[in-house]
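Multiple structures follow.
Common to both upcoming complexes is chain A, partnered first by chain B, then by chain C.
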Partner chain A sequence: MAIQAALEEEQVATTPLLQVQGLTMSYGVGDSENKILSDLNLEVNDGEFVSIVGPSGVGKTTLLRCLSGLIQPRSGTVSVGGETINGPHRDLAVVFQDYSRSLMPWMTTLENVAFPLQGRGVGKKERNETAENNLAAVGLAGQGHKYPWEMSGGMQQRVAIARALAYNAKVLLMDEPFASVDAQTRFDLEDLVIDLQASLGVTIILVTHDIDEALYLADKVIVLAEKPATVVDVIETGFGDHRDQVETKADPRFAEARARILHRLRDH
Partner chain B sequence: MKTSTKSLDWGLNAQRLLAVAVLLAIWQVVIWSGTLPSMTPGVAALASSIGEAVASATFWSALAQTMAAAVSGWLIAVVAGTVLGLLIGSVRVLDRSTSILIDFGRSFPVLALMPVVIMLLGATAQMETVVVALSCLWPVLVQTIYGARRMEAAVVDTVQIFQIPAFLRFRRVLLPSATPFIATGIRIAASISILVAVGVEVLSQTPGIGRQITLAQQAQRWDSAFAYLFFAGLVGWGIASLLHFAEGRILKWNRQTND
Partner chain C sequence: MTDTALRPESKTGTPARPRRSKVERVRSRPAQLALNILQRTWLIVVVFAVWWIATADSTNVFIPSLESILTSLFRDLSNGVIASGAAYSLGNLAAGLLIAVAVGIVGGLILGETKRLREIVDPVIHFFRSVPQAALVPLIIGAFGIGQGPKIYTIAFACMWPVLLNTIDGVLGVEPTIRKFSKVYRIPRGLHFRKVVLPAALPQIVAGVRVALPIGITVMVVSELFAANKGLGFYILNSSATFMVPETWAGALLVGVIGYILSLLFIVLERRILGWYFKSGAK
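Let's turn to the complex of A and B:
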């Protein structure tokens, strides 16, 4: 019995939450066909923080759009919890790069965060309560009455994160979420996301072109390169739960992994 | 902060009053110089005929008739244009198939339709309302289609990701996102409604301010013709200002995000 249970446990632990198999994506047909992604495979376990890093224009956003079900791949599959997706999925929430445009300016912050819940038919009192709690979780307690355009860029991005959290999906997909904020705000937001991930246990897949950011945040870094893009390396960072903007980045393993990724990207 | 905007307003209002005064002065100088026909009223004559018009029952009933036709035609156009525009703008197939019709319709000189509508309905208030409605429909329709079509890509993605149901999407996303465009269409249509109503009255002798202008002209009463003209302009301007004010309040978010 004990052995049986242990085996089952191991089985559960090794079944990835999100799995991508043989993913190929291209635009156009025939001679004008532009291949973006080629035979791409990756696995993300439950509770893991995974960064996908690669140079600008390699196809990271296309990959993220495939993962989120916004576009259908030419071939290959994306599955969540063993279920192949063929469109947006209840277990997938997205934080977009273009936060100022993805928040709706005619809604208050609270309404923005509560909106996905409204779409699911959650009653007003309950959804506002959930929205308020999630705003508090991202450090915006009591700011729900404000409109997005009354807030700074960093605060708007916090709202976008709160909205994705309120949706309570298993996987949070983030597309270059901190690319358009200043350096200090960026560090604050990175640490916020690390804390949220530790406290909520949500699985996060974050796409970035910034190698340092990829390493600092993730348990596992997936390196994309070549044209069409494919996975050229997977690095387990092994920094554990505790991260610090100064200490972690001074860790010899950080420098080593950084060099390895740079080599990988240069060789291709 | 508040005092500075207030004093700015004072300065602005003073400047605007000055512009009006300058215009009136130029008018009076032109009259004195004798370049215009002698029957053209001066500022004083104009002022007294405006006073005379305001005191007469004929003026108020003419104004009421013009306003009734203009406002009812405009309202019909606003309702029809918004509903049709939202439908066309949000359904791809409709948008593509109707685009030729709409381009044709918006460039059609609706006043030329008037004789046909008179044949059908006579020179009546209904005829006037119909012509106003037909003229006002196009700006509302075209603007609404633009608004419904042009949803931010990031908003479209967001709505898809969170699987927002169709009706909620329409009510909370498509409609508010299109409102600034719809508001512009409504405002343009309001100016057109007065313009067309007065024009129809001048051309067809349907009762209203336009007819009074023609009658004054035939009676060689240039001063009262000018007084009526002044009121036609005033009404148009009043409506436009009112709508602009309403728009500023309702669409506060739009002004903020466009800064």
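Let's turn to the complex of A and C:
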């Protein structure tokens, strides 16, 4: 009995938080069928930071839409905490690429962050408190009264991140979240996300076409290629918790991993 | 935009956005206000002056002098003949508009969100909105009687279409990313309607109400041309039937003035409820 229990515990501990099995997705039917994803498998462990990298148009966004439950795959499953999802899930939050379109301009930033909690039935005082705390966590303490359109792009994306954090999901899905900001802001936001992940222990899946960004941020990089897309490589970066925009990117392992990904993408 | 002052349109004193221009800001506020008022009113003053002079010696029974029109207008305004009629008419207009806005918004939100229903109802909507609403007035009054109710329903019926159609348009125009957000974060349906779809469609809805307002005023007057014993329309019809031509003109003039005042009030209301929309630069 004791051994049985210990085995089960081990089972629980090693079950990945998010698991994708045999995921296949296509648009259209018959002759006009356009296969996007083919028999795609991946695993993300609790607390892990995973980047999904691949060239533009490979199907990253489609994959993310499957993961977030916005579309149903043709076949295969996506499961979170062992539970197969068939639509948007409580444990999945998304940070969209286009912050200027995903925040609601008729709400203040505080209202934007608190709104998903209202949907969950959290009382006004509590949800405003949570929103305020999460705004502070992304460096926007006391800015809740401002409207999104009164803020810069980088600040707006911080608000979107705060909104996802406030939702308190186990997994944060980020769809090219820094693609529409300038380089300096991008570095700031990258470091912010690394810090947040380290301090909150949230699991992050970030989709990007930028190999450097994928490597710099992640514990594990999943490389997508081919048409229809499938996983062609999985790389453990091994940089640990401490990252620095200059040091980490100068690390020989960084260059090595970078070369490996480029080769992978070129070969396919 | 630090170089606003250097742009050619600013030098003429009529920039595209007067409130933001640096040139404008330099002037003192009262001076600016006076200029604004002058800009808006000079044409109407000219029109009335020309009207006054051109009709001063009119002998045509159907084109009385402006002086006699205004005399009758102020006489009937001060002795209460028009006031009670105007109150009745405006009450009908308010009630009719309220019904139109309520039905138009609720119907528009439902139709905008349900594609199948929209496809079924679409031809019917376009049929009814193309029917000249004023032509339906005698039919509705014939069918439903001569009381206040049918007049309100007629106004409501006519005003509903622009509100309904604009609401549908507004709902269809909701930013796809915001819809995705609402789905992923599992916003319940009721909250999604109230806090996401409705505010997103509001600029369009308000534009629909703005179109409905003059339609409502027209139908309000027309509804009182049939089987009525009070109201502005009745005043116009009655004075015309008894050859009190200056009174007929006075009634029509008053309706125009009321329409203008209502549109001004509407602008104030619009600024209030769509503050975010104007300030965000979306418009």
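Keep in mind that, in the parts below, the second predicted complex is superposed on the first by the 256 of 268 C-alpha atoms of A that agree within 3 Å, B and C clash if a C-alpha of one lies under 4 Å from a C-alpha of the other, contacts with A are read in each partner's own complex, and residues count from 1 in each chain.
Please note the rule applied: a residue touches a chain if its C-beta (ideal position, glycine included) is under 8 Å from a C-beta of that chain, and two chains touch if they have at least 3 such contacts.
Since this is a predicted model, take the numbers as computed values, not measurements.
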Combined model on chain A: chain C and chain B, fit or clash: clash
Touch test for A:123: chain B only (first), chain C only (second), both, or neither? neither
Where does A:68 make contact in the superposed view: on chain B (first), on chain C (second), on both, or on neither? both
Touched partner set for A:238, first chain B, second chain C, both or neither: neither
For A:90, select first, second, both or neither according to whether it touches chain B, chain C, the two together, or no partner. both
Kindly list the residues of chain A that each of chain B and chain C touches, one partner per complex. 68-70, 88, 90, 92-94, 96, 98, 101-102, 104-107, 115-116, 118-120, 147, 149, 167
Using the touch definition from the top, list the residues of chain A that touch chain B in their complex. 68-70, 88, 90, 92-94, 96, 98, 101-102, 104-107, 115-116, 118-120, 147, 149-150, 167
Touching chain A in the complex: which residues of chain B? 152-155, 157-158, 160-165, 168, 172-173, 176-177, 179, 253-254, 256-257
Along chain A, where are the residues that touch chain C in the complex? 68-70, 88, 90, 92-94, 96, 98, 101-102, 104-107, 115-116, 118-120, 147, 149, 167
The residues of chain C that touch chain A in their complex are 175-178, 180-181, 183-188, 191, 195-196, 199-200, 202, 276-277, 279-282
